[in-house]
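Could you have a look at this structure, given as structure tokens, before my questions?
Labels for the chains are A, B and C, by order of writing; each one numbers its residues from 1.
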Amino acid sequence: MGSKYPRSMQCFLPLWTLVLEVALIVIFFFFTSYDTSSQDPKKLMETYRVLQDVTIMVALGFGFINSSLRRYGWSSVAFNLFLLALAVQWAVLLDGFLEQLSPKKVVIKLSSIKLATMSAMSVLISAGAVLGKTNLVQLVLMALVEVTAFDVMRMIQRKYFIKDNHVNMMHIHVFAAYFGLMVAWSFRRPLHERVMEKDQTSKSSSLFGMLGTLFLWIFWPSFNSALLLDSPNERKNAMFNTYYALAVSAVTAISVSSLAHPQGKINMNHIHNAVLAGGVAVGASCYLISSPWLAMVLGLTAGLISTGGALCLPFPHLAVGF
Amino acid sequence: MGSKYPRSMQCFLPLWTLVLEVALIVIFFFFTSYDTSSQDPKKLMETYRVLQDVTIMVALGFGFINSSLRRYGWSSVAFNLFLLALAVQWAVLLDGFLEQLSPKKVVIKLSSIKLATMSAMSVLISAGAVLGKTNLVQLVLMALVEVTAFDVMRMIQRKYFIKDNHVNMMHIHVFAAYFGLMVAWSFRRPLHERVMEKDQTSKSSSLFGMLGTLFLWIFWPSFNSALLLDSPNERKNAMFNTYYALAVSAVTAISVSSLAHPQGKINMNHIHNAVLAGGVAVGASCYLISSPWLAMVLGLTAGLISTGGALCLPFPHLAVGF
Amino acid sequence: MGSKYPRSMQCFLPLWTLVLEVALIVIFFFFTSYDTSSQDPKKLMETYRVLQDVTIMVALGFGFINSSLRRYGWSSVAFNLFLLALAVQWAVLLDGFLEQLSPKKVVIKLSSIKLATMSAMSVLISAGAVLGKTNLVQLVLMALVEVTAFDVMRMIQRKYFIKDNHVNMMHIHVFAAYFGLMVAWSFRRPLHERVMEKDQTSKSSSLFGMLGTLFLWIFWPSFNSALLLDSPNERKNAMFNTYYALAVSAVTAISVSSLAHPQGKINMNHIHNAVLAGGVAVGASCYLISSPWLAMVLGLTAGLISTGGALCLPFPHLAVGF
């Protein structure tokens, strides 16, 4: 929200966002249509429930986990919603065009919106590193560039390397973490400002941060199994392993954080992402692991590394990607 | 919470609520029974999930959206729950009697509770305008009168004009907004008091307001498709269009709010309802719209009007109905 | 977090938690395997949804209801998650061993995790009485002892008295309340300290408390019907009766609390659990009650007793068990 732009110019920046939205509507008008094939109502509702779970993770989880990290608490939540709503529209179009590689009409299904929401998540992970330092138009640019880069990367992978949609998607954490670090690097501020901010973390914003963490923790098994709808056994495995990895990384992260503190207290900045590290660690392989202990070992390792990393990394909320 | 009643009398006001609750139990004893027909377990769970979504919207969404608007933060949430619990009991009875127009036994199904929760929503929309100005008995009276008026209106519509339950229900926003304005008018306070209140909005109550907004945003597609259980295609359309209208109205509202502020910041009072305006705008017609761009245009228009309206209307949280 | 341990020793206490976690992984390695039988995908998702509902109740509901009661607001939420993650792992093992009474491999199903989460709830109910007075290792000990006691009690009941899993589980409230009182008794502090704490309840922590209460209120019908998956009719009855009992106890609790206050205001400490008392009251019998009025009478009675009890009991959040 810097003062680098003259006031008159800054006033008109959000206008570009509206112009973009109108442009999106025009593209939707010419190039999209709803899927009109009649569908099994049970399967429709099943897809809707998974979409709902992913939306809860993204809108509530990432919204509130970021709210505790920066001064601009509540506007983080609003910007998070803004980025989600915009990125989903763009990702639906992009997925459609890249799927068929021709400018035919894109047929929108409920599962397209589900996939688009998962792509949009990459923007929201990265946004955690830059919220409070950027204006609306910079955020919009970041959203468009990042979704495009992530979707093109997934398309290339699908074509030449790994066919599996699920595995491609699970690179999201690494991709978003590096992208976010890169963007944050170009918007970095002097150190003393950042230190001052940290002192302003109040009790109630910590609780909001925990609220976000819990939403992510609860709905992570849905996320990790969201693209495995075809095989019930793979899906069951994905749920089981994600659950166990998360449970162990929660126990590990809270123990290690308490161990590192002289009075045995917990540092919230350590555990926010360390609690979730288990879910990230089993992400790509969760449908293949066949015993609980393997998922638990991964959760333990991820929890240890992530809590350790949070002690030294400048952007602890990006540690989730490593 | 005025001082217009003598202390001794005010002490006994809540007693009337208990008497009313006992009266409701007696009516339930004589006039209701559960639906005992054996049912498809899959359909039962489906109805339960929709009921749960609507309850989350009403209890968490409206509870917390109102909490940020008035001084009586947490008691707004409690009064919201109180009104919901009472209005649902009354609406189940009323729906049953008006359906059959005879004092036979009312058979209660899970779908009756779903319908009653949606009727009760009218009370909670209106309550936003009067919370903090009324005592418990005045709220109870408002709940009973409003649910009765809304249910009778729907019954007359169903009988003489529009058969469709879904379309009747979607008039709820307009009805509740006008009813709320009317009630608020009769409880209005001097202006300077209201201005003082506004200054007390703190960062953490803004975050609670955003929490309520997000719950409404996420579960609105469930609400708009809740009465379209019979036709999977209409249901799918309703979900799609509500989703797109909400996405566009979120982008629009946040952009316009940022445009109106000299430093490009967002005013939370603008966006609370403007974000949701898209869902209201496509409410009645969502199952008929066949292309995404039409829902997006409605979302854009609703977002523009609603954010504009929030700048001048005295009760911005009622703007959702227009 | 007392100063009774020397600093050097206290540093190493959380290490024991890590050792325990590693030991659990070793036990899982030798004695468990996932259920590999192919399953009906619809039934799998149904179980997953119920597990999700119970996890939301336990992680968000109990997490935030406790956050408003003690000084250590946000760390309550973190400790709650910690206890949940640990107790579920232990309960899955214990349920498996006690089921077969032999050290064969335990087969883990999604429904085992559901059952384990419900057992873990006993720890979280009791934890409300001791959070902020105990260190991590004391909490871990409490979790292990309480889950073991509760599971053995349920096993004995299942073997010699009541076969029904549902009824056994519903003794959880009484069990956890007495267990919590017992533990709290041994950690009691001088009275004047406790009085000081109470004054520190701020508006925003009250809102977090209401958030927890609402999550419990909304998902309680899922909890009461979670073990009745075989009979759709019993399940429907359980949902209906829990819903009506909760609705009436919410109305009653808020009315009585308002009646007890000279200006008709509501005391949050009264209503937190009184609102939920209806759900506890119909817990064991909810699938047998065949008319709404009976559930409503139970809800009214429970609401009256619970609000009354909150006026004199030292641990109002345990009143839910009576």
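Here is the rule we use: a residue touches a chain if its C-beta (ideal position, glycine included) is under 8 Å from a C-beta of that chain, and two chains touch if they have at least 3 such contacts.
For each chain, UniProt lists the protein as follows: A, B, C = Ammonium transporter AmtB-like domain-containing protein.
Remember, it's a predicted structure, so these values are computed and weren't measured experimentally.
Undergrad: Does the chain-touch network form a line, ring, star, complete graph or other?
TA: complete
Undergrad: Any idea if subunit A and subunit B meet via the same residues, over half in common, or different ones?
TA: different
Undergrad: Report the inter-chain centroid distance for subunit A and subunit B in whole angstrom, where each centroid is the mean of the CA atoms.
TA: Each chain reduced to its C-alpha mean, subunit A and subunit B end up 30 Å apart.
Undergrad: Could you list the positions in subunit B whose residues touch two or more of the other chains?
TA: 42, 49, 204, 211, in rising order.
Undergrad: Contact residues on subunit A for subunit B in the complex?
TA: Checking each residue of subunit A against subunit B gives 1, 7, 10-15, 17-18, 21-22, 24-26, 28-29, 32-36, 38-42, 44-45, 48-49, 52, 55-56, 59-60, 63-64, 67, 73-75, 77-79, 81-82, 85-86, 88-89, 108, 110, 113, 135-136, 202, 204-205, 208, 211.
Undergrad: Which of the residues in subunit C end up touching subunit B in this complex?
TA: 42, 46, 49, 203-204, 206-207, 209-211, 214-215, 217-219, 221-222, 232-233, 235-237, 239-240, 243-244, 246-248, 250-252, 254-256, 258-259, 262-266, 268, 271, 275, 290-293, 296-297, 300
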